[in-house]
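Chain IDs A, B, C and D follow the sequence of writing; residue 1 opens each chain.
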Amino acid sequence: MRHRPRGENIIRFDSVGLRYGLGPEVLRDVTFALPSGSFHFLTGPSGAGKSSLLRLMYLGLRPTRGRVVLFDRDIASTRRYELPALRRRIGVVFQEFRLLDHLTALDNVALPLRVRGVRESEIRKHVPELLSWVGLADQLGAKPSTLSGGQKQRVAIARAVIGRPDLLLADEPTGNVDDHIAMRLMYLFEELNKLGTTIVVATHNESLVSRFAHNPRLHLEHGQVTRVN
Amino acid sequence: MFGRHSDLPLAGDATSRFLPWLVALMVFLAAMAVSGAFAVNEVMSRWDHDVTGTVTVQVLPAGGERAEAATDERVRQAVDLIRAVPGVLAVKALDKARTLALLEPWLGGTDVVRDLPLPRLIDVTVDPDARIDLAEVADRLSHAVPGAALDDHRVWLSRLINLSRTMEWLAIVVVGLIGLVTSATVVYATRTGMAVHHDIIEVLHLIGAHDDYIARQFADRAFVLGLGGGLFGLAMAVPALSALGWAARRLEGGFLPSIGLPLAGYVVIGLLPLLAAGLAMLTARLTVHGALARMP
Amino acid sequence: MFGRHSDLPLAGDATSRFLPWLVALMVFLAAMAVSGAFAVNEVMSRWDHDVTGTVTVQVLPAGGERAEAATDERVRQAVDLIRAVPGVLAVKALDKARTLALLEPWLGGTDVVRDLPLPRLIDVTVDPDARIDLAEVADRLSHAVPGAALDDHRVWLSRLINLSRTMEWLAIVVVGLIGLVTSATVVYATRTGMAVHHDIIEVLHLIGAHDDYIARQFADRAFVLGLGGGLFGLAMAVPALSALGWAARRLEGGFLPSIGLPLAGYVVIGLLPLLAAGLAMLTARLTVHGALARMP
Amino acid sequence: MRHRPRGENIIRFDSVGLRYGLGPEVLRDVTFALPSGSFHFLTGPSGAGKSSLLRLMYLGLRPTRGRVVLFDRDIASTRRYELPALRRRIGVVFQEFRLLDHLTALDNVALPLRVRGVRESEIRKHVPELLSWVGLADQLGAKPSTLSGGQKQRVAIARAVIGRPDLLLADEPTGNVDDHIAMRLMYLFEELNKLGTTIVVATHNESLVSRFAHNPRLHLEHGQVTRVN
């Protein structure tokens, strides 16, 4: 997987539509493809459907209509027992973090590894290292409820990247951290991207987008995705 | 937890607070009910034993002319009536010689007695499995045949037997009821506990955990919580039962010589915590699988 | 909810799921236990009634020489022994004339009978409030005085009385126990429910709500949930009790002519849901005030 | 209260120290005062203690040592039953929003009014108006779980300002909204400020701070508050 040639599409949306219950259509006829190894920003006004789009990408939701192709597999026709393997290739930073409150920062970050059955010795080695890198060396044993907003966000990011995913989806990953840490996290993402991870970052932070303007940008508005750049 | 890794909260959430207590309460009640049912069964079989065999009917001698013939007629009527009662196996009127032999210790063996108009006795053999309402038979008998009476003691015993049969029946119904409620409560508590953990289940699911990985953890957890609660309930039930048994023995002074539980009772009660824990485990497993099936 | 505004979740949280069911279960069990206790009490007072009054002792005539004198001696001994039993109010040996009169329907009024060595009868008046173990007295009597025997029927009744006294005592203990467990469960369920709502309590507190404003809402809520659950439990208990009562009446055929609940029983059972709801309300109130007191 | 002369201190910290449990001191000897009617930004790196400082200000926490004077009342010596009246004069935007999940957006925003016993007719008038103003006219009846991140944040802000508080404390109020809405919200705050409300906004958003650079800035780092500007 790591050696997937750049340029092949890692994800493709074909006229995807989405509505919640009987509400209005949040996404309408969304069609786009992300080449493997690319780095995209996803922008758009609040409530436009960025989080919903990401939810479709990490298989947290099924589209109301249209086709989602992930890792060359049509999701609609993929068997249920094959989905976990696909999900393990995706790292997600949720907008609300979704840390497990009863686990320490370390255990939260270790979760994707544990789910895969990685050995404890490996976990003890890699997880503290990554947490140090995001500036939480002192908080390994802290529960989320005793962490500051920005600290929680960094734990969430660490959990998303610890498994070296093929696809990283980050929803507003810098909303609660200062610019210095935001830059540090973006560099972490770029590093992962260089190693082959395809990355989508949904953000409102215009200054961040402009500072990394070399990356293409998907703009979501009125249920439609348009490419900027 | 069985040496396996767990991603679940270990304490403090609603499930781990509720489930063990509920299971403890339920196991306690079930243990009470089961041993109550066994005790009733025990008492009943004792009484049953006492009543098996024969019932005696006495027919008083008729007076007046042709007294002997009139008495014989009464005996014949009584025998006919009793023979018609379902559940009566044999009816045998005792002849005068046998009656006299029975009366000897009372009246002595003098010849004078032989000429007395003595009451006649009828031996009735009753099917021990039939539920004869002797009280009703006695009633009919005394109305139909003047001077005929059923042995009082036996009538009482028959009533007691019927009562204890009723009680056994009620005990079984109550045990069944408590069993049902117990199971329903354990299932309900486990399901509600899972609902609280919906978010944990979803995050594990989205991270790529297999359904079995998630369900197994919750099932293990429910088993441990259920078993802990069940054992606690059992630990409470044992002294309570002993105290009740002791008090019962002390107070009733020999009527129920021993209402100690038979081995089967101990086995059933000992299994209750395991049953409850198993039920909790199964419910957790099915609930989590159900919740996961609703996720894409 | 009483027409008052509420900031609380109306359904779906752990409290509103758990509390009503638990209260329902508890009220159901308590209703069962209370009516069981009343029924036992009822049965017991009936039996008690049956056994009050007198017990008869029969003394068989001695044989051999000076038979009359020997029999008199036996009667004296029996009277002495029984007189010494605590709870016996009066002991009266019947003279021959009275005995004969009693035997007349059996043996006829002939003069011959007058010369027979007849069994003697002793009338014993028993204090209805004393718990005399007649079985034990019968035992002693038959050992100490040859030919003396206590009326069998009464011995059985005495045993029954003692058994029912035991059962009444046990019923009271069980009712007390279930009452305790009920209260503990309601308190526990309410407290746990409040723990789940800690965040709501804190937000309301920080927004400037008075402690009473917050506590009142939770207390109202707990009351409504508890009352709903309690009424449901009562609604389940009524048919269950009727069914059990009906089954009992059908099966035991007149032994317990009617174990209908007295008015007091209906009142107590009818109050159970209110009691449970009140307890839940009080607990919620105290718990919320406790949680608020720990906030700055 | 509304007519408190500007310049008088609405809040004062005297060598306030704070530690959580047995952990390190988060705040050390913090001394400052906010004049009534002022508008301050509170900046500092993630984990510096901004949220903790605000928590002390909205009486969500007691200091480990030192003195907090709020509305001219020494908090340590204020009776418990007098505190709700003080709290009602403060509006708070929590960093994690802390909306009540079971209430609609409308009921969440109405909460501070309900607590004060304001009449339902008033509530039905003012709350929808404010929610429209923050762009949520369509979501009055929506539960927080069906709102997007930025929509939740706006509900939280509406709840903080609906009661026209004397003191508004906002913790990262623009972390989940786009620049356009962020500006709109800042104008709302300035509007309130002009009407007499004292405002403290804790934020990481440097571009926001620089765009409203006329407002003074408190910087929190290493447990110490320093004034920038």
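Worth a mention:
We adopt the following convention: a residue touches a chain if its C-beta (ideal position, glycine included) is under 8 Å from a C-beta of that chain, and two chains touch if they have at least 3 such contacts.
Per UniProt, the chains are B, C = Cell division protein.
These numbers were taken from a predicted model, which means no experiment stands behind them.
Taking each chain's centre as the mean of its C-alpha atoms, chain B lies 68 Å from chain D.
Remark: chain B and chain C have CA centroids separated by 18 Å (rounded to whole angstrom). Put simply, the C-alpha centre of chain A and that of chain B have 63 angstrom between them.
Looking at chain B, one finds that none of its residues touch two or more other chains. The residues of chain A never reach two or more other chains; the list is empty. Taken as a contact graph, with one node per protein chain and an edge wherever two chains touch, the assembly forms a single closed ring in which every chain touches exactly two others. Of all possible chain pairings, those that touch are A-B, A-D, B-C, C-D.
The residues of chain D lying in touch with chain C in their complex are 58-62, 81, 84-88, 90, 92, 98, 100-103, 107, 111-112, 114-116. Those residues of chain B whose C-beta lies close enough to touch chain A in the complex are 5, 7-10, 12-13, 199-200, 202-210, 213, 296.
Partner chain B is touched in their complex by these residues of chain C: 14, 17-18, 21-22, 25, 28-29, 32, 60-61, 63, 105-108, 110, 112-113, 115-119, 133, 135-136, 152-153, 156-157, 159-160, 162-163, 165-166, 169-170, 173-174, 177, 181, 185, 188-189, 192, 195-196, 240, 244, 247-248, 251-256. Put simply, chain A touches chain D in their complex at residues 20, 43-47, 50-51, 95-96, 135, 146, 148-151, 154, 171-172, 175-182, 204, 206-207.
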